[in-house]
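Since the structure comes first, as structure tokens, the remarks are kept for the end.
Letters A, B, C and D name the chains as they come in the text, with residue numbers starting at 1 for each one.
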Amino acid sequence: MPDYTLREVQQQVDIWVQEVGKGYWSPHEMLARMVEEVGETARLINHLYGPKKKKESEPTQELAGEIADIMFALVCLANSQGIDLQEAFEVMMAKYTTRDKERYKSHTEN
Amino acid sequence: MPDYTLREVQQQVDIWVQEVGKGYWSPHEMLARMVEEVGETARLINHLYGPKKKKESEPTQELAGEIADIMFALVCLANSQGIDLQEAFEVMMAKYTTRDKERYKSHTEN
Amino acid sequence: MPDYTLREVQQQVDIWVQEVGKGYWSPHEMLARMVEEVGETARLINHLYGPKKKKESEPTQELAGEIADIMFALVCLANSQGIDLQEAFEVMMAKYTTRDKERYKSHTEN
Amino acid sequence: MPDYTLREVQQQVDIWVQEVGKGYWSPHEMLARMVEEVGETARLINHLYGPKKKKESEPTQELAGEIADIMFALVCLANSQGIDLQEAFEVMMAKYTTRDKERYKSHTEN
């Protein structure tokens, strides 16, 4: 399968939501879903790297599944608000890079 | 600028983390960062769509920024654990689609 | 049973953690646990009040359980850092009340 | 000031919400507020104990403030749903203690 671009990811999620999910939820409902998925990731991180460490045959695969679930919720929120992830990503990377350069110039850390 | 694939997104974040961020944090630290960003998104959603509704000149742009910040934290977590988002996305979409078909067949909802 | 004070709640949790839980986790691990519990609450709120509304025989009881789980994680974090909830509560209520008075005086909303 | 019981904490928050806050928000809005506060706590924990460690003159006081903010959001959610924290706490402690005894009997860990 060819590599997906961010825009293709958004399109595929949109098709799924329209055809299977019967439309987007409200922003608050999508946020709650994202929080649920982040919570499952938190649980897994405590299991894998925390106080209740347990052997996992496929830790990466399980974590990959949780991360994909968060990504899905995130893409739903973006789609429903007409947000283009490609553009948002570019703006963010430019901001992070500029912020960092300023930080080194001034030798201050916030 | 050409459209990024998920793999190019992961590469760009990796370059940033190695060169600017001085390496990946621990899973718990990256989780905490993601929770911080989800919290800022929650705050914004309450401002835009909740009890403290306020006029925003550029609501979509601000929300796009928060979503990109979550995406960055998510990609960092994936990168640090050697997780390929393209593959994770494919597995997830296949799972969601199969689960849904089963659901319709059995007419049960969980 | 007599009503518990916040300090008695902290003592009871401390006894449980020392005797049963074998000591406090690190701040990041306790945060991850709290995030897990908030995630379960988010899931329940979507089930009870969201897009996937379902009939619940005892919705309040289930939500009470989730809220208590968050409270437990919160008290663990406070205990481990030597934080007195009674004092923290007083400071917070004073802050909220003062902030509100100022808000009404200036007729501005932030 | 005398020690507050959980029920007095719920009453004080209720008075504040009715008089100052102009009533309870929806469950999803209160959840979003709680997520915002958990996010601020996550940020502080990364600052105090994480990769961006910084000297704090009063780390405990700042963390106490964040924990109190989460507690406030949690009490709001409980109040709005008619949940009695004293009872929820008792049920939870009984459950945790029983679960633990079973765990030791069977020498299994989940």
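Here is the rule we go by: contacts are C-beta pairs under 8 Å (C-beta built on N, C-alpha and C of every residue); 3 or more make two chains touch, one makes a residue touch a chain.
All figures in this text were calculated on a predicted structure; none of them were measured in a lab.
*Asks:* Between B-D and B-C, which chain pair is linked by the larger number of C-beta contacts?
*Replies:* Most C-beta pairs in contact, of the two: B-D.
*Asks:* Taking the mean of the C-alpha atoms as each chain's centre, how many Å separate chain C from chain D?
*Replies:* The separation of the two C-alpha centroids amounts to 1 Å.
*Asks:* Would you kindly tell me how far, in whole Å, the mean C-alpha position of chain C lies from that of chain B?
*Replies:* Centres of chain B and chain C (C-alpha means) sit 26 Å apart.
*Asks:* Could you say which residues in chain C touch two or more other chains, in rising order?
*Replies:* 26, 28-29, 31-32, 35, 38, 42, 45, 50
*Asks:* If each chain is a dot and touching chains are joined, what shape do you get: line, ring, star, complete or other?
*Replies:* Drawn as a graph, the chains make a fully connected set, so complete.
*Asks:* Would you mind writing out the residues of chain A in touch with chain C in their complex?
*Replies:* Against chain C, the touching part of chain A is residues 25-26, 29, 32-33, 35-40, 42-43, 45-46, 50-51.
*Asks:* Applying the document's contact rule, which stretches of chain B touch chain A when the two form their complex?
*Replies:* 1, 3-7, 9, 12, 16, 20, 26-28, 31, 34-35, 38, 41-42, 45, 48-50, 60, 63-65, 67-72, 74, 77-78, 81-93, 95-97, 100
*Asks:* Which residues, counting only chain C, touch chain B once they are in their complex?
*Replies:* These residues of chain C touch chain B: 26, 28-29, 31-32, 35, 52, 54, 109.
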